[in-house]
């Protein structure tokens, strides 16, 4: 089993810029996070332009799709912002790829106290290896099919439609 | 899907006692860790006596088995020390229960920098929901059948026999 | 020696709101931070309205002054945003109080990785007990008199005029 | 003002070795801690052999004394284990040097949750710049003269004799 992790930004990977006080993006945290995970299976990390998912446009989602299509791995984890995770999942789901693709992210950035980022990544890396081919969202300790998931923004949790 | 998490101690749950400088056990970290995970599936936490797995005796493993047998949940995650995780897995595996039981732990305690504990818990909570009934060890981002796993102590990683 | 700590907000005390993704204010972190410091001298914590220092108006600074004037303690540490720390220091300095008043803050919030908040609080609590009466800014491991300090925003450091 | 920081080990600098589960010493955390402090005064770091202070012998204390005697800086912070901090302070105090020497340490290692290490270092770096020449222990947010301090091991705090 080989795993591909595709970083696209989102809350998971945000970084606090101390010069202007803004939570934005700098270098991805994923290399450090993957080292911390002590995974011994081969992991291929691909860092796409890091974006807030509210800023993601169609070409950005097509780029994620192209990365999946070009990937040799059967198990793929995509780190993505939560606000439009469902939209990107729909683009990938419609493509009908023969891979297990898991989208995950975080409600609190990896570098902020009490973050769920590391838990979510672990969860996603597990189910990416065990679920049949398909596109799924994994958040809140649950697996959702790509066409039956929504973010309840008031409650800050993912749920079925 | 309902999940049972059984805490038995191990490196994952060790606590630094500032009065004597010893890494031992106090209250389990699991309630805080589960809250941090933001899991929305029902999670039942069962805290057994917290032990270093090198101190685990047969009655301790039988107690873990009894907890699994008494559990209504089909998905169980057991937090366990790494040094004898395999031995407890063998006791559970020989019992042939109709549940998916995942043993996991950590190389670095949850409360120490760079810990793999949260990743491993996420991984275990994922595969506990997706693997068929059986007993597995989940460490280093991999799933091992209970009868084909060993800890390579020199390298600090789990691997197949 | 008794110490008063006055929390006014600023980067030090910002909290990430996972529902809207905004770094703002909730409960002050100071009670937890003071417990963590293990200070055994009597410490009186006073939490004023928590503000981004760019939002501080004259009445807000007068409220800080009033708190100092009403305080029985001779040593006072004020947690303050960095952007207008100097302006509040000037209001306090002009009042000529017979207390040692130290303004400090942080470049990175306490709850974000690599924060300087705890170091700065320790530094401030030390010099508050050892400097003569007066008003000082303590940042970057240095003590600045209230009338000879400025924040170099491009470099993100405090320096003399 | 220039500051010398001398690392001698102690709880502050302990590191968890994941291969054997022992809290011992590896590379000092001090370079990372000093960077995190964002100090802009010149800081000279000197890393002596890192020891648990219960393992410190007379030659080890003489080495610390020799480092102080050889130092050009008037302000010195020594990171030291808490159990024999007082004994090393006595050796330094008896030497009557014309420097301000502050011994500090931590009850919980820097890399473990809820550590007081960063607070204590900040406190020590502050009073090292503001106290008159002499040898002091700075712990629990207090300054103690070298000849009037003891560690209350049952309570885990420093206090006057």
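To keep things simple, chains are lettered A, B, C and D as they appear, and every chain counts its residues starting from 1.
Just so it is clear, a contact is a pair of C-beta atoms (placed from the backbone, for glycine too) under 8 Å apart; a residue touches a chain by one contact, two chains touch by 3 or more.
Worth saying up front: this structure is predicted, and the values here are computed from it rather than measured.
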> If we look at chain C and chain D, which chains touch each of them?
Replying inline: none
>> Based on mean C-alpha positions, I'd like to know which chain lies farthest from chain A.
In response: D
> If you average the Cα atoms of chain A and of chain C to get two centres, how far apart are those centres in Å?
Replying inline: 38
> Where the CA atoms of chain B average out and where those of chain C average out, how many Å apart are those spots?
Replying inline: 43
> What whole-Å value do you get for the distance between chain A and chain B if each is reduced to the mean of its CA atoms?
Replying inline: 25
>> Can you pull out the residues of chain A that are in contact with at least two other chains?
In response: 107, 114, 156
> Viewed as a graph of touching chains, is the assembly arranged as a line, ring, star, complete set, or other?
Replying inline: ring
> Once bound in the complex, which stretches of chain C touch chain A?
Replying inline: 11, 16, 18-19, 21, 23, 107-109, 111-114, 153-154, 156
>> Residue numbers of chain D touching chain C in their complex, please.
In response: 1, 3, 36-41, 43, 107, 114-116, 118-127, 129-131, 138, 140-143, 156-159
